[in-house]
Amino acid sequence: MKYTSLAIDDPAELIFGVAPHPLTTREGMVIGGGTVYPELNFTLPPITIDAAGMAEVRRNYADIIEGALGRAAELTAPGVVIEFETLPPMTEHPEWGMEIVNILIEGMEREKARSGLKSVLRMTPNDNREFERPPLMRRGRYWEAMLQLFEGSAAAGAELLSIESVGGKELHDEALVNGDLAASIFSLCILGERDMRFLWTHLNDIAKKHGVYCAGDTACGFGNTAMVLAEQKMIPRVFAAVVRAVTAVRSLVAYECGAVGPGKDCGYENPILKAITGFPMAMEGKTSACAHLSPMGNLAAATCDTWSNESVQNIKLLGGMAPTCYMEQLIYDCRLMNCARAEGRDSARMLQRWLVESDVATDPQAFIISPESSVELARAIVGSDSHYHAGIAVARKAVSLLREANAAGRLRIAGNEAGWFDTLDDTLDDLPDSEGEFISQQLALADSTKFIAAEYGLT
Amino acid sequence: MKYTSLAIDDPAELIFGVAPHPLTTREGMVIGGGTVYPELNFTLPPITIDAAGMAEVRRNYADIIEGALGRAAELTAPGVVIEFETLPPMTEHPEWGMEIVNILIEGMEREKARSGLKSVLRMTPNDNREFERPPLMRRGRYWEAMLQLFEGSAAAGAELLSIESVGGKELHDEALVNGDLAASIFSLCILGERDMRFLWTHLNDIAKKHGVYCAGDTACGFGNTAMVLAEQKMIPRVFAAVVRAVTAVRSLVAYECGAVGPGKDCGYENPILKAITGFPMAMEGKTSACAHLSPMGNLAAATCDTWSNESVQNIKLLGGMAPTCYMEQLIYDCRLMNCARAEGRDSARMLQRWLVESDVATDPQAFIISPESSVELARAIVGSDSHYHAGIAVARKAVSLLREANAAGRLRIAGNEAGWFDTLDDTLDDLPDSEGEFISQQLALADSTKFIAAEYGLT
Amino acid sequence: MNELHPLTQAVINGRRKEVPDLVQQCLDAGEDAKSIVQDRLVPGMTVVGERFKKNEIFVPEMLVAARAMKEALKILEPLLVAAGVRPEHTAIIGTVEGDLHDIGKNLVAMMWKGANMEVIDLGVNVPPAKFVEAIAQHKPHLVGLSALLTTTMPAMRTTVKAIRDAGIPVKIVVGGAPITREFAEEIGADGYSRDAGSAVDAALELLRAKA
Amino acid sequence: MNELHPLTQAVINGRRKEVPDLVQQCLDAGEDAKSIVQDRLVPGMTVVGERFKKNEIFVPEMLVAARAMKEALKILEPLLVAAGVRPEHTAIIGTVEGDLHDIGKNLVAMMWKGANMEVIDLGVNVPPAKFVEAIAQHKPHLVGLSALLTTTMPAMRTTVKAIRDAGIPVKIVVGGAPITREFAEEIGADGYSRDAGSAVDAALELLRAKA
């Protein structure tokens, strides 16, 4: 493990707007340097993306960036992060993705010239490797096209590189619906860890070459899938919360390979990573209700350095186009945090505490990413000698934190969930200490039509 | 003037969640009693409302109420206000409006039975009197149908009666685009005042008969039209801000006739009215970006007792149906305020201050409804001997507050707006002291094809 | 910048009272009514429109200019009529049935007038049949429809259909807060614009395409 | 509540290991394979489905029950085949072209299986032609289409059209987070359901209508 100690060990310091290692953009936005910035993400309304439809696609993105940045300028935002998360055909055909990158960058420059508004582009090509099943993780046309888009956008001026990588997910959906924590640890800490290391080493090379930053990854396809499934009452919330803790081990690998933040918005594991690495983090919560409901709408803001809406379609609301409306909402959220911060540490700390208290007792997933829990979970990770052991340690810690809080009445857990603590602990007790043995066990259980072990360097 | 002194004269006490005269609903929600409640408002997606379309209309409202209340229950809201603001055909055909009222009340009762969630219905028939032009204000089929809908919904269990009445608006749009403050005062403080008194005396009778509350009115068609026009850079913001101050004189009349709050969400003049009357008020800000952009997204929350999204269509966002998503956002906003309040007066006061500081210097309209300005403006109103004089006094006070703040650098005003201070003061200087004289002057100037003086008791 | 004609300048500054004399001077100097409109008044309103677009001035200032121009037209119109000159383009505008919002529509009408179009305003809550009737009567080049409610968007569709069904060739341009370009295309309108400023461009573009 | 048969109870509790013996006892007692399925197994899954709908249990518990049922079917299937008995209804399900989301679709498939339908899962990213081909081959009563991306909603429309154009009579039901009832109607699907729980009701309703 690269990180063996914590960058932040006091929950009070694990707070919005300030990170031990802030990051300065070319235009001088200092992320983690005392100001929370809005981070806007948007997507298309129902239209087809193909050669014929690209004119309309372009028009959509051009309208989005003009409308949203115009509003940000009117509201005198101190700067904004624009995230462009591609849709599959845009990564498959990097030339389409690049057309949009250029439209966005032009729009950002135009607004800068007009009003002086600072902005920075986070580029998040979507990970198409799963389009082949079982997926090729380290070669093939999807891999090539994806790297090409990263390279092109870094060259064009996208300063923050991100991805929501899928390595290990082939087995994880199954693990979730089965409530199988062992398989989840295998997906995240064995397969995920290896894929992340391979992928982020490549991304780091690209970032270095073009003088841009590797920002971070998210175990979205794991932790957020769990969250959405829990929200829909498909799986227990306590299970989703423990899975969330384990996702931190996977997402950490990006930072081990050179990423410096801000971590990707939908990584609700980011508070744990901020405690470990000291890098700034994007977070999302109530103002991403447009993209998914959340049990930690306020609490998620307690530790954020940029504050995101996750994703909203370019459709018309009564107040205007939805991305413009959400830009406004994000800006007001940020203004409040920045006001408290401007008054000093104690004031900021006070707001952080309310944001936490708002949600912490209502849901195990909220509880698990509170500053207090995050520091403890982070400690469990940096105290481990391997990612596999870190996965076990952080899961164990998560179960025990939840158990205690429940027992002490500091956390409300539904009646049909309480039994899951024992189930999860039993699973953890049964895991072998030897990583090799664990891998053999899991490979034997895994559906071999779904994934190729060699693509993870396992054989 | 009924009110000759202030219920709240300390800006620090003009604060969210607490009103000197709280209101208790049948189910025991105490509005203004220490808790801020979310207030959800919603509308139809593009569909036709006619006899044939009513099945789809009904399905929409049934889905909205089920989805939104379900989410409120999951997030354990302490209670919610549901506002049903009708669309024109639903007031024109009160039987259609009543069908929806019943659907909503049933949905609220069902959720109450299922999860215990408390809720209360605010009924806001839209004011159709303008459909005839020049409008009949005190008779005719639109007037009859509207009263019938009020009566029916009060009987069916809608506990809060509201309206966004239009009396005086026939001349006000013209006043706005001409930047004519005298005509604005005539519309609001002469015509508006008379229509409000007539209308709210009737509504008070209905409320008494059915044991429900008159909640309040809003000068939306005046103040918010000005705000939207200013947002679109059609009229100067300082002018819109002064008009806002004057609207308080018109909206006050509802309380003079028996209304007890919570004042209607879109009445940004409500802080002034809360200072005068001590009744709780609904407000809306950043989380009503779905309905209109706003220059006071946070500041508006500083004094609210219920917190509203103003209006959102029942369309699908990625996270779910829009009303459900907005319910979530409102609940988290409220949780934060309630957390601060739970910690005590000083904490609540601190959050109130940040909410104000967030916006107060950025826009004259925000500045004018800050707790500090509101108390001063309220004082100007209660110190006057007639609504006409109150209109002049509050406008004068608004201009001087804005002028001073601008001079002191406490408020940013665009270069092309500064000249408007003199224009406005000149207009005010030219107004006659005698109300009768003013009325004659304005009647002579007004477009007589647009309104009927007799409908306001003027001849 | 070129020196502007005093009449043009008077329009720009909204100095209404000076206008009649200045118009008279032009006439006395032998300019004909049509060229006074085209070379003195319209350029003034164009400058005003540009300033408004750049957010340098507001609608009230623009209306003052429009009123100054109207003052001039009061004198010129009889002469134009006598000479058989009509504004190049005629437009009909209105808010669709069930909808009472008219501020946006009024602003568009004002901008179109400023661009020297003859504008017939049918008001608000206008049924499709009334549009069709007015089109038959006035034979406009352009029809503008406004809708502000999601629930009157269907009425906009019905109105477009009624006009098309009537078979009179006319360009239709639509607008209003809930209207999108996609919706405009879907219902078969010829043009869309999202604000009053661009409504002039949208109209002129369509009228040029026609010509 | 009525005493449940031990096999039914074993399915409900997911006691997979006890199932083979219990099935054997039924067979020994002279029950035929079809009635064991219909009267012992399906009622068990129905109870489980109900509990799930009421949020008393979660998917993992439901899957344990499904696996117990599968254990029974392993023994019974050869007998059913020998007797020429097929599940009453066959369904094909898949996620449309361009879309890789499958958790929701998988849950629907699971629920349909629990209701004793034969379900052929074509997986994700399924082109229209593949649906048409599979329909021609398996002659299902029902086709389920899933889409989770707004940008693959058009592919859902195309798929429905391809199936209709192929002229094979089959009921189509659609779902996925961005899909609405209105959209389903608009593209000509026969049914829509917003979650896995109601997907069974939606399917059965369509199948009954057909019968």
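As written, the chains take the letters A, B, C and D, and residue 1 is the first residue of each chain.
What we mean here is this: contacts are C-beta pairs under 8 Å (C-beta built on N, C-alpha and C of every residue); 3 or more make two chains touch, one makes a residue touch a chain.
These figures come from a predicted structure and were not determined experimentally.
Look past chain A and you find the other chains held together by touch in one piece. Looking at which of B-C and B-D shares more C-beta pairs in contact, the answer is the pair B-C.
A separation of 34 Å divides the Cα centre of chain B from that of chain C. The mean-CA centres of chain A and chain C are about 51 angstrom from one another, to the nearest whole unit. Averaged C-alpha coordinates give centres for chain A and chain B that are 39 Å from one another. For chain B, residues that reach two or more other chains under the stated contact definition are 43, 313, 318. Chain D has residues 150, 178 in contact with two or more other chains. Arrangement of the chains shown, judged by which pairs touch: an irregular graph that fits none of the line, ring, star or complete shapes. By the contact rule set out at the top, the touching chain pairs are A-B, A-C, A-D, B-C, B-D. Looking at the complex, you find that chain A touches chain D at residues 43-49, 87-89, 130-131, 133, 173, 176-180, 225, 229, 232-236, 313, 416. Here chain D touches chain A in the complex through residues 55-60, 63, 98, 100, 102-103, 106-107, 123-125, 149-151, 153-155, 178, 195, going by the rule given at the top. Residues 316, 318 of chain A are the ones touching chain C in the complex.
Interface residues of chain C facing chain A in the complex, by the touch rule stated above, are 150, 177-178, 180.
Residues 43, 71, 75-76, 285-295, 297-298, 311-313, 315, 317-320, 322, 324-326, 328-329, 331-333, 335-336, 339-340, 343, 347, 350-351, 354-355, 357-359, 362 of chain A are the ones touching chain B in the complex.
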